[in-house]
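Order as written gives the chain letters A, B and C; numbering starts at 1 within each chain.
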Amino acid sequence: MADYDHLLDVRDLHVEFRMRTGIAKAINGVSFYLDEKETLAILGESGSGKSVTAQAIMGILDSPPGFVTGGEVLFQGVDMLKMSRKQRAAMRGPKISMIFQDALSALNPVFPVGWQIAEMFRIHHKTNSSDAMKAAISLMEQVRIPAARQRFKAYPHQFSGGMRQRIMIAMAIALDPWILIADEPTTALDVTVQAQIMALLKELQDEHDMGLILITHDLGVVANVADRIAVMYAGRLVETAPVVDVYGQPRHPYTIGLLESVPRLDTKLGGVLPAIGGLPPNLLAMPSGCPFNPRCRFAVDQCRQGTPPPLESLDAKGTRFAACWRVADTAVVDWRVDEPVPDERVDDMGVDDEIGGWL
Amino acid sequence: MSEPIDPVSSVPDGAQDGLKPLAMPSITRRSLLLPKAPPPDGGVTSAGSAGEKPRSLGRDAWDEMRHRPMFWVAGALVLLFLLIAVFPQLFTAKDPTACSLDMSRLPPRPGAIFGNDFQGCDIYARTIYGARASILVGIFTALLAALLGGSLGTLAGYLGGWVDAVLARLADIFFSIPMLLGAIVFMAFMPLPPSAGMPQAVARIVIVLALFNWPNIFRLMRASVMQVKPQEYVLAARALGAGPGRLAMSHIVPNAMTPLIVVSTIDLGGYITTEAALSFLGIGLPSTVVSWGRDISNASGLGLIRNAPFMLLFPAAALCLAVLAFILLGDIVRDALDPKAR
Amino acid sequence: MGKYIVRRLLMMIPTFLGATFIIFTLAFTMPGDPLAGRCGQKPCPQNYVDWFRSFYGLDKPFIVQYLVYLGHLFTGNLGISNYTRNTVVHELAIRYPTTLKLALIAVLCEIIIGVTAGIVAGIRRGGFIDALVTVSTLVVIAIPVFVLGGLSQFAILKFNLNSIIPVTSNGSWRSLILPGVVLGSLYVAYVARLTRTNLVENLRADYVRTAYAKGMMPARAIGLHAMRNSLIPSITYVGASLGALMGGAIITERIFNINGVGSLIYRSINQRDGTTLVGAVLVIVVIYMVMTLVVDILYGYLDPRIGHE
């Protein structure tokens, strides 16, 4: 058996952006792990650092201004941050790969899509062009692009949004990676297409035995797909737990706020949907104490000063963690005010009820 | 300097007739100059501005420019040249047309710090007085081209249809004649009456340059208006019942103005150069008007360059500095309005 | 693609007619005797007056005059120079090779110096070379060609380099190097800035990040992916500048005393040789228009997003 605990183990990751206006600490000591074939959803608002975390893991941060200033990113027990640039590049594709939110801008506009998929084989395996082309066509078929052979030579702008994302996916799974990071893969797509893409991702994950890191702000997607959730706020991990636990009883006030703000089937028509007041903090001017305190209805004096609360284990199994001084109080909050039947809860979360139908 | 295909001011036509931009940055940059929705997840930069008021583009641009020394240098130079153009007598007591041949080609010395030219005129006085014609040509050409191109461009972009088609073809025609060439033909066949003074001489150049450069501004404005027109706030104003005239004047034009002003400022430098080039060729300003272009031309013979380089150097330096000041100012304003280009 | 070219050629017709019309109107319908001053101080010889009247159809209405002129144009007849009495076509034909050489040198400068400087500045954004390129291009843009020409002659004479780099030209390649560099200087600066801007923008593009995510090293991610996109505008700009350089040659050829099309235009202004002037200008306008078309087609070929279907 392998001599490592987790397939991917991120330990105390720090990232900062050095800009003219100051240093923005984008990631402040984030730790999490991903096991084989597992799906981890990283949840958070814009600017919470979830995309930066993904880019730091991949090693594709824009640098400058972005710098990884501390921590470890262990892939099968080996710290990727200590690798040479060349070794690191060789990891991307066969070990870890990534798909992006906007496939139109993520694909190079001046090369045919088939060529861009085939490029994976050519750079990593030095495959000759006709074999690479055959492999690329079979990948295009695998992600169900109709008439793959004919569309091999088409350019990205000639595809629809969903088809482009399929091409991105084909490219990402080309070398059968261990981990696929999907950064808001469905945000730019229509609702029905979203469901298809998520279904395809799930299916490919099973087929290829991949670990999946799903970065999203869409709680509906998370509920149906993820095994575990990690919630980020202002560059910190504020809560992480198995998906059922989080939806059952969120423990960080921010998570509670997020869940409350999702419209549900039982949300009263004409009623006011609860929202988290205020804005995320400016990374250049963080509030003292817990970064969430200005927006937190549980905040007490302890939260407003000193160091932010550490991420602490909440249960004996060691699967639930939250970074909040008031976890004792959040444990008794009923966030589902009119919650009818607990078991149907998850299905009510979002718009993706029909995912099952696509699977 | 000779042809108006500056990547900044040469402007793509709409997709409608398939004309491609000569220079890519002009589209991207122009679109950035236009108002738009707040950026999507920009990572850290958009991360948070809790408690801060939303800042306008103009305010942002001003803050950006304030901290750039080059902005103040360029601004001060522009002001200085304007001052010289309006009150040349503040800078020299000598008469630029009072020349005596026994002082011909005397080198710089105390009392005549730039020396004397071929005719024995004081080069410093001529350099000071030469500013007026150049600055006048630059400013008025920029204004006329902006007025002509701006209004026609707004009409074409806003009304579309056959108005747009006709105006766009018209712009194509003038665009197909390089400015310097068109001006040469124009000047050669429309000689000034010998009695004409400086106002007529300047007006003639202004009209000719504006005539051959308005298509640039036209295309820019047309594209801007087309881009602004479908924006949501315009649709909202329309939904609230604003009439077409009001809509154009109060919502579309002000928002499409920024690129127009920037490009006009940069082009202004080009007009000054083209005027000087025409005068250099002997068909721009008449010899009765003191101008840098003529003085440079008079100093440009090979023998003169070898023996009296100061005759060329000082008016040329003044011309370059004036052009540089306007281009620099326009460049800085554009960069400030376009954070992505930094 | 074929359809697009045909459509563009058709669209060129009104532009061409309009441009020739403007130049024709300017040149030949001014009030007064069109022959006044055309032959210097003396009155024109009768045979030239006769030729002139019939060539321009001066006894016919204005619009017919224009059509008559167009007819001559399409048969390749640009008239007769009233100075040399040669055909304008002949005058142009003996000078075009020189001007083309000059323009080619300028274009080579754009590609070699301009594109390279832009690439280096763009890749090392914020570095010393970037600052150097930014400042020097600005200076070059601000210095008019006729000043730069004079200054370069001054420098070469001052340092006695005249035997290596001649300051006047006899039409040989070597003697055209300095004029070509001077002529191209402005466009070199523009190309450098254009290349830099595009490269900087493309280096931050999402697809470059994708290229890294696919496991590429910078050499390929930048050298192939970013570069391919960044150079499209530069290449087309260089193409378009070839037409514009022909116009700019008027000043350069005058400074360096080159016997090309530019000097012909300059000479015909001074000698009031309107037939030659209009012929020479029209040919440049046509070249300019054709180059614009070529560039547009090239653009569509290089950038698949710009469909010409």
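The rule we apply is simple: contacts are C-beta pairs under 8 Å (C-beta built on N, C-alpha and C of every residue); 3 or more make two chains touch, one makes a residue touch a chain.
Owing to the predicted nature of the structure, the values given are computational and were not obtained by experimental measurement.
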| item | value |
| --- | --- |
| Chain C reached from chain A - shortest hop count over touching chains | 1 |
| Chain nearest the overall C-alpha centroid of the shown protein atoms | B |
| Where chain A and chain C are represented by their mean Cα positions, the distance between them in whole Å | 54 |
| Euclidean distance of C-alpha centroids - chain A vs chain B, Å | 50 |
| Rounded Å distance between chain B and chain C, as computed from the means of their C-alpha atoms | 21 |
| Shared-contact residues (touching 2 or more other chains) in chain A | none |
| For chain C, residues that touch 2 or more chains besides their own | 232 |
| In the complex with chain B, residue positions of chain C that touch it | 4, 7-8, 11, 14-16, 18-19, 22-23, 26-27, 30, 138-139, 141-147, 149-151, 153-154, 157, 167-168, 186, 190, 193-194, 197-198, 200-201, 232-233, 236-237, 240-241, 243-245, 247-248, 250-251, 254-255, 265-266, 269-270, 272, 274, 277-278, 281, 284-285, 288-289, 292, 295-296, 299-300, 306, 308 |
| Chain A - residues contacting chain C, complex | 55, 58-60, 62, 85-86, 89-94, 97-98, 100, 102, 105-111, 119-120, 123-124, 155, 157, 168, 171 |
| List of chain B residues in touch with chain C within their complex | 1-3, 5-7, 17-25, 28-29, 169-170, 172-174, 176-178, 180-182, 184-186, 188-190, 269, 273, 276-277, 280-283, 296-297, 299-300, 302, 305-306, 309, 312, 316, 319-321, 323-324, 327-328, 331, 340-341 |
| Residue ranges of chain C touching chain A (in the complex, touch as defined) | 204-207, 209-217, 220, 225, 228-229, 232, 302-305 |
